[in-house]
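In the two assemblies presented below, chain A is common to both, partnered first by chain B and then by chain C.
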Partner chain A sequence: MSSSMQFYVSNLLVYLGVDVMACLGLNLQFGVAGLINFAFIVFQAAGAYTAAVLTLGPSTAMGGFQSYIIGAHLPFPLPFLAAAVVGGALSLLVGLVALRRLRSDYQAMVMLVISLIATTVVTNATGLFNGSNGLALIPQPLKSTLGLSPVGYQWAYVVITFVCTILVWVVVRRITGSPLGRALRAVRDNDAAAAALGKNVTQLRLVAFVTGGAIAGLSGAVLAQFITAWSPGSWLFPESFVYFAAIIVGGSGNNLGAIVGAALVPVAFLEATRYIPQFGYPGLVDALQWVVVGLLTLTVMWFRPRGVFPERPQRFARPPGHGTETKT
Partner chain B sequence: MNIYVLSLGFGLITASILAIASVGFTLQFGVTNVLNLAYGDVMTGAAFVAYLVTKAGGGLAEALVAGAGSGAVASYGLNRLVYTPFVRRGTRLFGMIIVTISVSLVVQNGLQAIFKATFFSLSLPRPSSYTFAGMIFTSQQLVIIGLAVVAMVLVHALLSWTKLGRAMRATAADPELARSCGIATDRVIDVAWLLSGALCGTAGVTLALNVSSFTSTTGGQFLIPVIAAAVLGGVGHPYGAMIGAVVIGLSSELSASVISPDYKEVVAFIILIVVLLIRPQGIFSEVATQKEVAV
Partner chain C sequence: MTPPLLSVRNLAINFGGVQAVRDVSFDVVEGSITGLIGPNGAGKSSVLAIVSGFLSPKSGSVTFDGNEVSGQAPFRLARLGLVRTFQLSSEFERLSVIENLLVAAPGQSGERLRDALAGRWRWRDQEAASIERARGLLDRFEIPAKEDDVAGDLSGGQKRLLELARALMAEPKLLLLDEPMAGVNPALIRRIESHLLALRDEGLSMLMVEHELGVVERLCDPVIVMAQGQVLSSGTMAELRTNQEVLDAYLAG
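So, the complex of A and B:
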């Protein structure tokens, strides 16, 4: 492979890893627990910002051309872990406000509003977040330690991304395959019935919400460390819809579906097509891409409303002495 | 001149546009329970229709009529061609939200593909300005406020005094029961979409009139304050939406002069969240339960 081709492929693989993580996290919230988190992108952005300010040196070091807080210059993997913690903590805060008493359509709308609040605050609090310029020159993990060529480092980063992705996948699978996962599905399908059986609905929702938020934070950290820049303009609320579209297309409630959806919608449609030749006026291809994402989602909703890989119905062994009629 | 009185004037205009938009949003939601997130993009579409009308030499009145008409047709068409078929096929609340988002993506970016991502403004003669008790309004802004008042009075009259309005309220309260009582709920739903679409179109044109320049994303961005106003009052309650619009509109413009214009929407949204913490169903709504999508 030529080196430009290697750059292209490794870029796509990193994006794939990031999107798979994000989709697994959102699938836990939306697909499994039924929480319509339209603010998902905020938690990803929070993780990305956390990782950025923890790897950057003090803001005065580079002539103070961008202002931000902390600047701890921490070594890899601490910023990644901190990003997950911040994503989870922010989710807990939002979840305590939004998930406790609101009906689910109100929850969805409050999440939209929270997403817009976050964008406004981040853009205007220039001392904290450097305003709409965002952050640049974020150091990459282990770059000087590994001492690889640029292409070599690209592949090293693919490995880092995939390790994180596999970790996320293991965690999510542990949850969805456990009694906790069944309880979450019960809350999603009928919260009143779940509550009547003694399940703490709010607590279960919070568990899914916080875990998903932590995963979002981690995925944001992986992305920001890769592209070495962070700006509020790339984390606006429509970006959350892309992940929703991915999960719907792949199969809501099914982890494999979330992975396939991540590969299809954000990667194949939005990232890979970035390199097709431009035609028409600048911006036409972008607009048409989004039209195609919308039409694709509508088509899938029409023909396979449960996605390419639908959630498998759970079957349980019948309890002894019950429903065992013998036909003769 | 007192800056607070001035910003009160701005607040009244914002509240007027919000009121038209959120009453339209909430009327349709109350009757059909479809959370139509493409509403903002239909607003943008109406603004573009008004733009084309004014470019062809039409005045403000023609632009408003064309905007309202195109909004009504677009909403009715969206429901008939997209939403109802999906509901008939068994798509429910979560799914319908995703369907409306997809439609929103298609409409918004379709408009952008057609009109390009640049700024547009309605080509109308320069308005004259008037001063009232320290507040300055242009003649166009007075039209916006007047339209909002007329629209609210008409919606109130429709809902309280006409047979159709009673049928709409009955369908909103319980579609099954309404149908058993001999109300043609499918026709009521059609009317709800038409009416909501006309309000949506009017709001789109007034928004374009007020912001001086708009893009293909203007309506989509305005949707969030619209939703906030509707939720604040209790979704599905037109009177709640009116109050919500006044609260959101006034608080955002007043906080712009008291705190900082940068945070004006944040203040309005925080009010929304605080109200929902105290009254999770919104100000007017009685019950905090959710209803199924009506066909």
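So, the complex of A and C:
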């Protein structure tokens, strides 16, 4: 493989890992727990920002050309951990307000509004977030320690990304395969009936929302430290819909579906097509990407409404000798 | 004499300007199937919703098993043993039949995040016991669907049986049944009746809202009649049939 090809493939693999993490997180919230989190991208952006300001040095360095808070210059993997914590904490805050008393359609509206507010706040609070310019020159984890060639470091980052992705997969699998996952699906299907059977609906929703938010934060950190930049323009509310499209296409409520959806929608349709040469009016190709995502979602909902890999109930093996009387 | 399992005193609730329930008091004694009947709009479902915690009363008290419980959240009441079913079928439609029951098992450690994350060994034994109990209930209620079938695909009657089995999985002391026979064919009504009588004979107490007076006559003793948000009368169904006030309320309603 030529080195430019290696850059291309490793780039795609990192994006794939980030999007798989994000889709697993959103699937936990939306597919499993039924929470329509149209602000998902905000929690990813918050994690990305956290990782950025924790790895950057003081903002007065380099002539103070960008302004931000903290600048702690923390070593890997602390910024990743902090990003997950911030994503979770922010979710807890939002969840305590939005998930307690509101019906799910109103929850969705609140989330959408939060997404819009977040963009406005970030672009205008220039002291905190450096306005619409965002942050640049974010240091990369272990770059000087490893001392690799640029291509070599690309692959090292792929490994870091996949380790995080596997960790997220294990967390999500353990939740969805446990009685907790079952209770979340029950709340999604009928919250009143779940409450009548002793389930604390608000607490269950918060568990899913906060865990999903922490995963979103981590995925944002992995992305920001890879591209070494963070700007509010790349975390606008339509990005949440890309992840929703991925989950609907892959199969809502199914972790494997979330992974397939991540590979199909954000990676295959959005990332890979960035390399298509521009034609027609400026911006036409970018706009067509959105059209294609919309058409793909509609097609899947029409022909396969539960996605490529629909949710499957858990099956339980019969104990050996069931139904026969055993004498000792 | 032992105090009643459920004791409702001077319950009242308004919806806007409508006094749906005004000054309702009654008891449910342990081991009884108490019927709650009355014309549409009498306030029966509101009373059931208040007793199960889904509505907060404007005034009055609900005492269950020695505890004052009015205004408590439904999930807390369910954990105390006060479990309700719903008028419309309320299965978890994308869960399998057996998963519907397993959700209801009380005190599952695997529902806590830290135990779920720690892994299967933390909740495996408890789960195995729940599965066995759920299979026992499915056998008992003779639900013809397979345990792995998705609950949303069941027929209306099967959903009724499933909901009853699921409520029992929650280990109730008092079962609140909101029109359990609504939309059920006569043959299945008889089967559900015999299940309910068997459960009563095993010591389960029930409070049941039901429109089908034949069912009420065969199952319930005592029966409480409500009209216009108040208790009109109570007694056995045979006594109530001769009560002119009750007849008027039903004919007028």
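Operating definition for what follows: the second predicted complex is superposed on the first by the 313 of 328 C-alpha atoms of A that agree within 3 Å, B and C clash if a C-alpha of one lies under 4 Å from a C-alpha of the other, contacts with A are read in each partner's own complex, and residues count from 1 in each chain.
Assume contacts are C-beta pairs under 8 Å (C-beta built on N, C-alpha and C of every residue); 3 or more make two chains touch, one makes a residue touch a chain.
It should be emphasised that the depicted structure is a prediction, and the values quoted were computed from it without experimental measurement.
**Student:** Kindly classify A:V159 by the partners it touches after superposition: chain B alone (first), chain C alone (second), both, or neither?
**Tutor:** In the superposition, A:V159 touches no partner, neither chain B nor chain C.
**Student:** Quick check on the superposed pair: does A:A268 touch chain B, chain C, both, or neither? Answer first, second, both or neither.
**Tutor:** In the superposed model, A:A268 contacts neither chain B nor chain C.
**Student:** Tell me the contact category for A:P179 with respect to chain B and chain C: first, second, both or neither.
**Tutor:** second
**Student:** In the overlaid three-chain picture, which partner chain does A:V97 touch, first (chain B) or second (chain C), both, or neither?
**Tutor:** First partner only.
**Student:** Is it chain B or chain C that touches the larger share of residues in chain A?
**Tutor:** Touched residues of chain A are more numerous for B.
**Student:** Look at A:V207 in the shared chain and tell me whether it touches chain B only, chain C only, both, or neither; answer first, second, both or neither.
**Tutor:** second
**Student:** Determine, under the contact definition given at the top, whether A:M1 touches first (chain B), second (chain C), both, or neither.
**Tutor:** In the superposition, A:M1 contacts neither chain B nor chain C.
**Student:** Which of the residues in chain A come into contact with chain C in the complex?
**Tutor:** Per the touch definition, chain A meets chain C at residues 171, 174-175, 177-183, 185-186, 188-190, 192-201, 204, 207, 211, 253, 311, 313-316, 319.
**Student:** Given the complex with chain B, which residues does chain A contribute to the contact?
**Tutor:** For chain A paired with chain B, touching residues are 34, 36, 97-98, 101-106, 108-110, 112-114, 116-117, 120-121, 123-124, 238, 241, 244-245, 248, 281, 283-284, 286-291, 293-295, 297-298, 301-302, 305.
**Student:** Flag every residue of chain B that touches chain A in the complex, lowest number first.
**Tutor:** 35, 82, 86, 89-91, 93-95, 97-99, 101-106, 108-110, 112-113, 116-117, 224, 227-228, 231, 235, 260, 262-263, 265-266, 269-270, 272-273, 276-277, 280-282, 288-290
**Student:** Can you check the complex and tell me which residues of chain C touch chain A?
**Tutor:** 52, 54, 73-75, 78-79, 83-86, 90-96, 98-100, 102-106, 108, 110-113, 115-117, 119-120, 123, 127, 131-132, 147-148, 150, 166-167, 169-170
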